[in-house]
Amino acid sequence: MAGNSFGKLFNLTTFGESHGVAIGGVIDGCPPNITLDLEAIQNEMNRRKPGQSSIVTQRKEPDEVKFLSGIFEGKTTGTPIGFIIENANQKSKDYSHIKDSYRPSHADYVYDKKYGHRDYRGGGRSSARETASRVVAGAIAKQVLKDIKINAFTSSVGDIFIDKPYQDLDFSKIESNAIRCPDESTAEKMIARVKEIRKQGDTIGGTITCVIKNVPVGLGEPVFDKLHADLGKAMLSINAVKGFEYGSGFCGAKMKGSEHNDLYNQDGTTKTNLSGGIQGGISNGMDIYFRVAFKPVATIMQNQDTIDKDGNIVEMQGKGRHDPCVVPRAVPIVEAMAAMVLADFYLLNKMY
Amino acid sequence: MAGNSFGKLFNLTTFGESHGVAIGGVIDGCPPNITLDLEAIQNEMNRRKPGQSSIVTQRKEPDEVKFLSGIFEGKTTGTPIGFIIENANQKSKDYSHIKDSYRPSHADYVYDKKYGHRDYRGGGRSSARETASRVVAGAIAKQVLKDIKINAFTSSVGDIFIDKPYQDLDFSKIESNAIRCPDESTAEKMIARVKEIRKQGDTIGGTITCVIKNVPVGLGEPVFDKLHADLGKAMLSINAVKGFEYGSGFCGAKMKGSEHNDLYNQDGTTKTNLSGGIQGGISNGMDIYFRVAFKPVATIMQNQDTIDKDGNIVEMQGKGRHDPCVVPRAVPIVEAMAAMVLADFYLLNKMY
Amino acid sequence: MAGNSFGKLFNLTTFGESHGVAIGGVIDGCPPNITLDLEAIQNEMNRRKPGQSSIVTQRKEPDEVKFLSGIFEGKTTGTPIGFIIENANQKSKDYSHIKDSYRPSHADYVYDKKYGHRDYRGGGRSSARETASRVVAGAIAKQVLKDIKINAFTSSVGDIFIDKPYQDLDFSKIESNAIRCPDESTAEKMIARVKEIRKQGDTIGGTITCVIKNVPVGLGEPVFDKLHADLGKAMLSINAVKGFEYGSGFCGAKMKGSEHNDLYNQDGTTKTNLSGGIQGGISNGMDIYFRVAFKPVATIMQNQDTIDKDGNIVEMQGKGRHDPCVVPRAVPIVEAMAAMVLADFYLLNKMY
Amino acid sequence: MAGNSFGKLFNLTTFGESHGVAIGGVIDGCPPNITLDLEAIQNEMNRRKPGQSSIVTQRKEPDEVKFLSGIFEGKTTGTPIGFIIENANQKSKDYSHIKDSYRPSHADYVYDKKYGHRDYRGGGRSSARETASRVVAGAIAKQVLKDIKINAFTSSVGDIFIDKPYQDLDFSKIESNAIRCPDESTAEKMIARVKEIRKQGDTIGGTITCVIKNVPVGLGEPVFDKLHADLGKAMLSINAVKGFEYGSGFCGAKMKGSEHNDLYNQDGTTKTNLSGGIQGGISNGMDIYFRVAFKPVATIMQNQDTIDKDGNIVEMQGKGRHDPCVVPRAVPIVEAMAAMVLADFYLLNKMY
């Protein structure tokens, strides 16, 4: 109820603040007898972790997952998988400047009003550091999903975007550049743009596209737990996300029915896929694809006026090492959340 | 788990197929001692019901709500509110043409594959008729919310859109025209466009914008149940929805942090509101606003090839009386879902 | 959250007050493609309904279930099954004597304090009439469970009890007498006792034993949702229940480990079954059996002093037609709740 | 869904196996701004831990709780409280004798059948070691509950029982002896009995009574989440529990209504309290009291025949240091579970 759990059958509960002792989580409902590929899990962690390239924050966090339960002799036991990730950087920083002041477009103000007491260091619970726990669970969910393949990538940074359909992209190139854009010439422009923005002490938004292949027909539960509704909630729960669209999305709202309808082939596949692989909230076997919008990171290296607890105007100066663009590090988070949503419906579908 | 319930503390479970005996629902968690305005509830039903204007489907459904429990001497008792809405039109239609064939971009195919047995008449459970039950619950949720005011309106039809910020609109004009657009000259253009589309036997998509005022600070539960994540899921669970964005939305993904940050006034309000009234998933007291994209209705009055159960090609001809544009009737549904999400967090917030 | 839903995968939500328009419920999660035996459902209703024999209340309620959805051409569709049971007796009674007074050992007082407003007629929501909806869902759950057989029976009334192990009883005799006790000579004594008590204007308690056969190994989810924990909650949620024990129960607390341990046969069955078919919260394939204690009905046909809303002493005189002993009519309710618990775990177990 | 979470608003998820790296849990929903008494928490841990007296297992586990999140500067922040308890004894034991064999009346067999793969060391997840995490959460729940006082004590061991009503007992004496029985002469007999049983290499069952004082009127949610139904489930989820009764319990099933009804005083209290402080599932302000039955520990220091995975008969010899009677160490667990149930309803009641 307090919002720190996600999923029904494949359930993740997370805990932890940015600068506490550790963050972590409990995965409840992972099926037994899965031989976990621990290296694959750590690899997902590395894709999210700070310091991985020159265009992300240079903070150092090893982000090593320590599993505490639910795995025995390399295989899942069906019991809850508890894990922690220690906060290496926890003691070093000076956060006195945000102790009593509210950073603009951050959660400081609302946390203070809602809870009356908060761990202000590095944003505490509202920090995107929490998403590291999601990546652990997502990496395990991917292993539950077997043949279902989830690929997310950076599709735009500011006003630079990939102008090709996803079918023309080579997903094996996603990890070949720091911005995680499979279109190499666009990737170069994006990277240049991020570097320029960082030089200005500013930040920039972007979008991530996610494509899911080999989805069986039948995942999703009408009427409230439509597959795309749960995917949407999952994405919107990621820090900095402002929008979600799937299939034709907002463009679909401009179209006519005669243009938008996906006609069937005799085998039940469709000739077009404006539906985005989902009809009536249930997967139809075609590719699922959706797009997620991220706002620019709120912490900028420029001076801004803000207020303190007592309503006094104070000058806030960006400090520390922050991401000029959150999108490349968010790619594995998008995949992780998608994997958890699918794992949930995948397990539930066994009931039918 | 099977997806027919929505909400935690203020919970709605719906049942019913388009052409069964009745649809209805149970609202569990409505606080006691609320003197219900039953006329206001029926009024919301009338905003959604077919046949209300010349640009919507001409089907006839009185859509009268019959309350069965939870209300005594005009006031809620805190016990579950059961209600039904009889299906007036249930017996008359001939649905043999869709019994064994799958309408393109409808849920027929996936329901058949998932469940193996379905009530095909009028779409059965996948019909938007189910949303009538949501409007009942939403109308009650609005009464729980007291001072919080929710206004949705049609912000675009096809490529015709309101080109003003919502602050320049007069919400009292929303109900003054059939398309539910508060900007009168735009409304006229939209209505003309819908009539033209209908004449072509076609349909068209559109968007709805929703603005919520007088929201107290503190609604929303990090990290997974962010206020906008639950709003997003609520909207995406409505039939035909393809996208959701709040605050700056997809435009925010093109912006720089220095442009996007909302600076504080001394009283904790913000000078701008690109955050859309939500920071870190928690309401900050500013207006909440979001936009929802609806695809064009899939049932068109034109012939289309499709397949039957056995994979044979069959010609499908649009029949019956359908909406050329779903958006005007979806306005009260968007409000209803928003009201339920807010009521949930409103009640939960008493814990703090 | 407000307590009107039961079950996870096989979920029932009930609504309705004793003297409102109707009671009813929604079953969400019933698998598709089950050919429902509607007669079997009504038969369960008849086992619970008033007026069925000379030793139960002589009120008249036909208790006919009207299904509104989720069933098409005789088979479940996997969509929610909505149903109502009209309250035939709703208008006739005079309840002014309990409008402002609190019947001893009834829920009147606590409902008034908790909710501030209640439907006092016939106990309203706190009336055991609500359990009729449970019997509907239980009767359907039984059909989901196929080979699993659930038999409950009256094992004691006051200090009269069956002094044989259940293995020596013929369950086909349960329905052969009004008290639902399969041991005929004990049944006669019980019936005589109830008649005597009724003549005194008094009421009497009793116990029900339930035996479940053909349970597959593996139902139940450690650590909190142990099979017997969910069975216990289910039973304790029935009106008038004061206790639950399974297997050796309270007697087991007096035993030594060397006496209590169930030793294995080579096929995994056990030589004894003090475990009651459940080990570590998971069914082990042996018979599940448990016992449920019911207090005497609180409404007696004798004068009692009580208080009104303002704390004044008032004399309360038992009126109307009430059960002298609730146990025979509770037998199908016990079975219904057991069936729902098992159906839940039965469906969940497909995940493994 | 997989059963490792308990509670709605005050929610605990636990993880961990007896001989894994660590056990622990996440408490989600603890209100903010509570100054935690960490010593009181550790004190509850010490009441449960092994080696605390001469009549419990002599295993050594320091059972120190390490909090990882949710507490800042000594006060709760409203964010999830993650904690771990390291397994000090994890590496040392030889469990080869139970690797492939099933201990009688233990969960080994059913875990193997259900999951196909289990951590057999010390019982793994089915070990009562898991309850240490519950004690942590319960100790925090007690601090949420403020004035509500929960006292559990040993009321019987084998056939030795306290023959006084709880009102005649001095709860301050509960901790004064190793068996946790407030009646000193009975305590002596119980302790002597346990020592005798241990000498025989055997074990013995017992009961715990729990009394809750200062409960406000209104806790509990009809109809399924009755206060006593949730208490019952909570107790039945504790290892080795076979039965639960509250108020008059199984004795009430022998009584007449005229004997059993609790008549009101003018202030709304009742002259008697056979209801056990709960009417219609809702607390009425009187003391809540209930009794819990524990079977004898299944591990005995005597030889028993059992079977291995392949159905071969093998001799099983009790090894290690086990409790001859689980009851004294279960007292704080009963209190912990009761505290969690009450905290849940206590928070929920703010809605009304």
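Order as written gives the chain letters A, B, C and D; numbering starts at 1 within each chain.
Keep this in mind: contacts are C-beta pairs under 8 Å (C-beta built on N, C-alpha and C of every residue); 3 or more make two chains touch, one makes a residue touch a chain.
Remember, predicted model here, so these are calculated numbers, not experimental data.
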item: Given chain B and chain C, the chains that contact each of them; value: A, D
item: Farthest-lying chain, centroid of Cα atoms versus that of chain B; value: D
item: CA centroid of chain A to CA centroid of chain C, Å; value: 46
item: Separation of mean Cα positions, chain B and chain A [Å, integer]; value: 27
item: Shared-contact residues (touching 2 or more other chains) in chain D; value: 1-5, 8-9, 14, 29, 32, 78-79, 114-116, 125, 222, 348, 352
item: Chain A-touching residues of chain C, taken from the complex the two chains share; value: 1, 9, 29, 31-32, 78-79, 222, 347, 350-352
item: Contact set on chain B toward chain C in their complex; value: 1-5, 8-9, 11, 13-17, 20-26, 28-29, 32-33, 66-70, 72-73, 75-82, 84, 114-119, 124-125
item: Chain A - residues contacting chain B, complex; value: 1-6, 8-9, 14, 102, 104-107, 109-111, 113-116, 125-126, 130, 156, 158-159, 197, 202-207, 217-218, 220-226, 228-230, 232-234, 236-237, 239, 242-250, 252-268, 270, 274-276, 279-284, 293-300, 302, 304-307, 311-313, 348-349, 352
